[in-house]
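Dropping the structures in below, format is structure tokens.
You will see chain A twice below: alongside chain B first, and alongside chain C after that.
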Partner chain A sequence: MLNVSPTSRAYETLPGLNDITIPALAPLPTGETEDTKRIVERFGEDIIAAGEHDGQQVIYVQPDNLVDLMQFLKSDPKLAYEAMIDATAVDRSKLPIGNTERFHMVYQMRSYQRKKHLMVLSPAPGGDDPVMPSLSPVFQAAIWPEREVYDLMGVKFTGHPDLRRILMPEHWPYHPLRKNIPVGGEEVPFSMTFDDQEFETLGKQILPSNSVAPTLPPGMSRQNMILNMGPHHPSTHGVLRLVVELDGETVVNIDPDLGYLHSGFEKMGETKRYKDFVYYTDRMDYLSSMNNNYGYVLTVEKMLGITIPERAQVIRVIMSELQRLASHLFWLSTHVLDVSGPGMSLLMYATRERERILDLFEMVCGARLTTSYIRVGGVWRDVPPSFMSNLQDLVKMLPKQFDEYEHMLTSGPLWRERLEGVGYLSREDAIDMGMTGPMLRGSGVDWDLRRDMPYGGYENYDFKVPVSQAGDCYARYLNRMEEMRQSVRIIEQAMANLPDGLYRTDERKVSLPPRAELDVSMEALIHHFKLMTEGFRVNPGMYYHGIEASKGELGYYIYSDGSGVPHRLHVRGPSFNNLYAISKMSKGEMLSDIITNIGTIDIVLGEVDR
Partner chain B sequence: MDWLNLIVFPLIRSVILLFILLTAFAYLTWYERKLLARFQIRYGPNRAGPYGLMLPAADAVKAFFKEEVIPNHVDKVVYLLGPVLGLIPVLAVWAVIPITKNTPAIADVNIGFLWILALTGVESYGIILAGWGSNNNYSLLGALRSSAQMISYELPLGMFLVSILMLAGSFSLVQLVQSPRAWWEWLWLWIMFPFFFICMLAECNRTPFDLPETENELVAGFQTEYGGMKFAMFFIAEYLNVITTSTLMATLFFGGWKLPFGITDFLPILGPFVLAVKVIILLFVFIWVRASIGRPRYDQLMRFTWQYLLPGSIVYMIITALLVLFFK
Partner chain C sequence: MGLEEKLPEGVLTTSLESLVNWGRQNSTWPLLFGLACCAMEMIATGTARHDIARYGSELFRASPRQADLLIVSGRVSNKMAPVIKRIHDQMSEPKWVIAMGICASAGGPFNNYAIIQGVDKILPVDVYVPGCPPRPEALLYALDKLREKQGKETFAHYRQLAANDAIIKPENIESLDNMRAKQFA
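Our next item is the complex of A and B:
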């Protein structure tokens, strides 16, 4: 089942793992599908390769034809890949790539009508200084991911409307995700030098000083009031900074400034063995760590090609839905706090229910926030005996509590006043901007990965996907409330059908043997030793897998060179892409509506800032 | 010996009143924290002293010992004037409020109503000047909101006060409480009470109408640049304002120091205590509203005043005038 790649080259960058080897290139896709056939017919020679790889549709295209291809994918009625889910790049400079280009761009395309996924790859010409055509004219969803690729990888995009760094400071000298930038130990420049004019005022704020006016984001003018919200502002949900241009109280322009919580977990992932990155996923969207674990683990398991015991799958579904409930409850309480003020009691009511869910997490894995419970091959431990009865109590109680919240909010005139018609996003915009999750469903797109591209056994559950056409904050609020009720339904079904059996695969190549086995089996000891020292290896290739996390599609793109460490690990976070809509949603509305919109997008900065 | 009555006695009374009011303010913060905690399934203060009763003292000590930072970019005079102008009118309103039979807190002036209207007008200057003098965008927005909001809500408030005045037939609050009212007058007053209460909420900048402050949008609104004792003065002003308006409402709508059936007429010493109990009940309503009603948006708040509250109050005043004309 596990085929480890043939050796060809020692991996120099990781001392101690010298015997791990890599192939020259990830395997090219083979065969053809209906879609790739159509694309090859249209573009002919310009397609480098097309077909299937690990069950995914993959197209390699020449960069000159990329924009045309994307236009074609979007507009052709038989293809109808209307949304770009993600864009990222791979630096292959440490691989024996010969004369081929060092950087490759990777785009994830999605057709909501046809329920299809397509990966588009394109080499970025220019060697160490690559230049690509920007896809922003075709998809607005490309604007931020391209800025991110420019920032972290140094790929320039021609025709991009606003190619600035997005996460790192403006003057940062490196592109940190490039393979020649080490993890740690690089020289970190101070943000000011003695020559800077700003240095004069440093530490002298109390004394008379001439403060230097900061540079304005493009498109803003000093004719109106420029208001700086964040990075420490009570309701930007962390360290988000928004530069807002105000005309009276009306928002003229708004520019989010990210990166204050940049932790570089993609870079960390590229230095950690596959099994060790699970702990980092907890810290990304720290309000839904179970879902983060889940998405990552599913991607790795797909690459390994292992099957998971039935019991582990059901436990995972329970945990994932509990995490969705916890995340939505916290969203509700903070949304109410933002919109209605801190005295509002609902803040504490929803938090109380979330606490009970966290208690359950503590019961299964000892942690409340950073759970790391879902591991490659199954889950960490079986659920304790008292878990089920506690879960039963919770599930029985929750719908009543939801009724109570709805009684306080849904029919309340002030709540409706504040939410109805605010933050409007049309269906077309939502798709074009790459919205996912409740943001997408609130704008009338009937799409849920759990139902439409089932993973982890979700096809066995009966649940509804709430969709509303209104596209405003109130619609998204109602959707999320209904989603919570549906999550409870899923948990009820999972509890009824929880089978006995293994909670973790007995494939010893990826999963640790039980402690008792070590005393009697030499083989188990060897497996234990191998797993603890070098981890398991993954077939060379690439894989993208998205799950429906509480905030939207959480996707992991992994490019493996066959070693025990991912060559490229990219996380497509729902908050990051959804946050892009803030300027579209808030323009022309009042200052207070910005806060409402931040709440309705439901961002977690740990994930937005990567 | 007139100077004794004119200066010395009022002075002594003022000092006593000030002492009582500041203590009341301190314990109002405790009362609010405790009640809010109960509404929000928490315990509230329970560390400093029994039931957290020493918490206000700890707060006071903290406020006194904080460094007085005056940012360089502010207009110093206006910046320092803000908290003072915010606090003084709130205290001064108390002069005319009757605490027991024939006894106002300081002085029975025959223009009691006008005194109240004038001082509530001055009150908003404190906030506006603070926001303007702070030279900070958040403060400025808070001050703008405050000026618009307070001025808008003073209009229906004035209309309602005029209606009460017509029913009472006197500018003096002492007279108002003591003059007998017919049953339909009480009923007619109580119909107006919820709307009057809304005006008072806006007047005090209390949630849900705390738009000048709105910590979720404007960080701390007009008081963003204030710290230490200067912030404490705004804080005192806000809470004293709540106490003052509660007292005012108790006096105007619920008979002030009086109990039904003339009990307090025989025992005037009970008067202040009866008033205090009524005020505490009204304070509870203030806090209850805070715990359960969300905040409207600024434009929605203004629309509510100008479209509903102001026309409604004018209609109310006209009907009151007719009632007084024909039945009294």
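Our next item is the complex of A and C:
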């Protein structure tokens, strides 16, 4: 056995955090809704439990009926759950619950027509070697998430077309997200001499990498040319590797190889207290860290059931929209650089504006990229007095700049020629593949979480959601440009309506007392100590919350056992699901169109690989 | 005194070593290679405000064979490590490595199964830049530090390196006399 995780990390679990006496079974849903009633009528005994939990619709179903249920959810006109947003699994072996299956599968379903969300759960039979029916015949969106579950949890899927590891290397010995596998990593030696045994494990984490003949991905033929793109390639936006089968210059097949930036976020999340994981979320989609903070914090607040002061909500909206602008500007600059046209000059212009947004972030939290500004209970600090005037200047200047960019791009023939008709994705495919964000709206689905399932006060703002029917790269480009203009509008409205008041909740169980209070109040000191050592506890249960990040729906699924650290934390990264479309979009097109398609999907590998 | 007196005005003398080092210091071409968050700051360093062109390093080369400097900008996963090692091997001498950010330097917040705790476990690193991610100014400071180091390099150092990398070490080369003696024995 390879020595990949030589140490058990005893110091990670402080006493009192993982209190085993807490009844850890997530409470069963109660009551019934219109949808669950209909499902129970149809399936009867095979539904283990159905109903609502904290405002979320939940269905527990027997695995034998899972595929039938999904077919029913998709095809029944009164339910119309046409998209699978996410699939993941939970390992419950360390919970004191006995007599249930160790692994449970969790699916997030979405109805765009009816604006509804549904969580479907199903136990995976087979104990330590679980086997589930694959949902890939029903939803294409299930193919990659199921591969991920197989890779990280070891759940096998019958009927899956391509069950290989997706993130970890082929020869990796474990399924790392299982609870009996330690976090791994290395002990930090506190010794002063190298003779000490503490140094023994240093450097042993690296796997021996023997030279192996590259295996041909399934479905490819050596009759054609096989081309390897990446992981070190200037236009793959990070460490993405694509195996491309080419007939002349025409793309026959693409197999993306992920995981070159897999950093174990989900495993780290299971060892960190709720308030400490905010800092990790920054590093996932590092181009929109504010949105990452926002999504995570909203999920935790949903679990806590606390309300946030009005001022904090408006500040959050401003930050979230600024981050969307920064992310879209960066998308534009790199996309144009890849596809050519006015290439380098537009990169310089767009990053110039982006730097001004980063200056504003620096003003409020001191960091440019990894902000960690939005915290549980509000935001870290109030915005400084000069922030508003600077923001005013920026907001006034930006629309003119957008016009200039559009003029630079649309007036030349090259940009349109490279984008129009390239990377076509039909409406049906976009929904079936679980696309979100600009990818979905570019294919004619009128859906934006900010408008259709509002969170954080977005229902108070007036903005348009750009949708286009064309489904090609040019449509997505136009959509994103319009989205930037709408973001500016939202910021303007938020600035006009920024109320006075608290920037952080005064619920002392979750948010730190101000420094001045510590000097005079013993109670504040105790709260401070408790928060800093133990963190706060949340209610047991499972929660999913999605927000509209710049790249699509960013969702967090958290299974809480009632203690101070999540039992399972799963991130639904929009880039991961959107990237699945690359093979569909590029098949039959030219090799150079792959670059256009990568640019238009707008991936960030930190989020794809997590 | 010396040669300088005889030379006409406008002609300088220097050692060949300093001339070569001067050239290397002022046109260190980095590899176009980004890993994670730090890569975004690396790009920001390359754009108009921070302008890495002042250091002669604006030409990010996409091929390792044309690059002098490998900026490891981000966390190195177990799957990526062999790739980075190979890229570094493909770069021709002289080459330098900057470990940008805490992840590349020592693993950073990712002390887990997936991430290698510091790229120096697989590559020789010249300059470490702390920060998560380091600001563009920090990367420029690292380039300053690298220039200092480049200015002190000698040809003897490279001869030594070449000797260390040689398949047959100098001391193992059989002397001509020995070979003759064997031949006629």
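Some observations on this one:
To be clear about the criterion, the second predicted complex is superposed on the first by the 554 of 610 C-alpha atoms of A that agree within 3 Å, B and C clash if a C-alpha of one lies under 4 Å from a C-alpha of the other, contacts with A are read in each partner's own complex, and residues count from 1 in each chain.
In this text, a contact is a pair of C-beta atoms (placed from the backbone, for glycine too) under 8 Å apart; a residue touches a chain by one contact, two chains touch by 3 or more.
Only a predicted model underlies this, so the values are computations on that prediction, with no experimental measurement involved.
Contact with chain B, but none with chain C, is seen for A:Asp338 once the two complexes are overlaid on the shared chain. In the superposed model, A:Gly259 makes contact with chain C only, not with chain B.
In the superposition on chain A, contact of A:Glu249 is made with chain B only, not with chain C. In the superposed model, A:Arg368 lies in contact with chain C only, and not with chain B. When the shared chain is aligned, chain B and chain C each come close enough to touch A:Leu347. When both complexes are overlaid on chain A, the residue A:Ser320 reaches neither chain B nor chain C.
Of the two partners chain B and chain C, it is C that touches the larger number of chain A residues.
By the touch criterion defined above, A:Asn293 reaches neither chain B nor chain C. Of the two partner chains, chain B is the only one that A:Asp593 touches; chain C does not reach it.
With both structures placed on the common chain, the touch criterion links A:Thr505 to neither chain B nor chain C.
Taken together, the two complexes place residues 205-207, 209, 233-234, 347-348, 352 of chain A in contact with chain B and also with chain C. Partner chain C is touched in their complex by these residues of chain A: 4-5, 168-169, 172, 174, 176, 181-186, 188, 202-203, 205-207, 209, 231-234, 238-239, 259-264, 267-268, 279-280, 282-283, 286-287, 330, 347-348, 351-352, 355, 358, 368-370, 605-606, 609.
Contact residues of chain C toward chain A in the complex are 32-37, 39-41, 43-44, 47-49, 62, 64, 74-75, 77-83, 87, 107, 109-117, 121-122, 132-133, 135. If you check the complex, the residues on chain B that touch chain A are 36, 39-42, 69, 71-72, 137-138, 140-141, 207-208, 210, 214-219, 290-300. Against chain B, in their complex, chain A makes its touches with residues 205-209, 225-228, 233-235, 246, 249, 336-345, 347-349, 352, 408, 412, 414-415, 417-418, 590-595.
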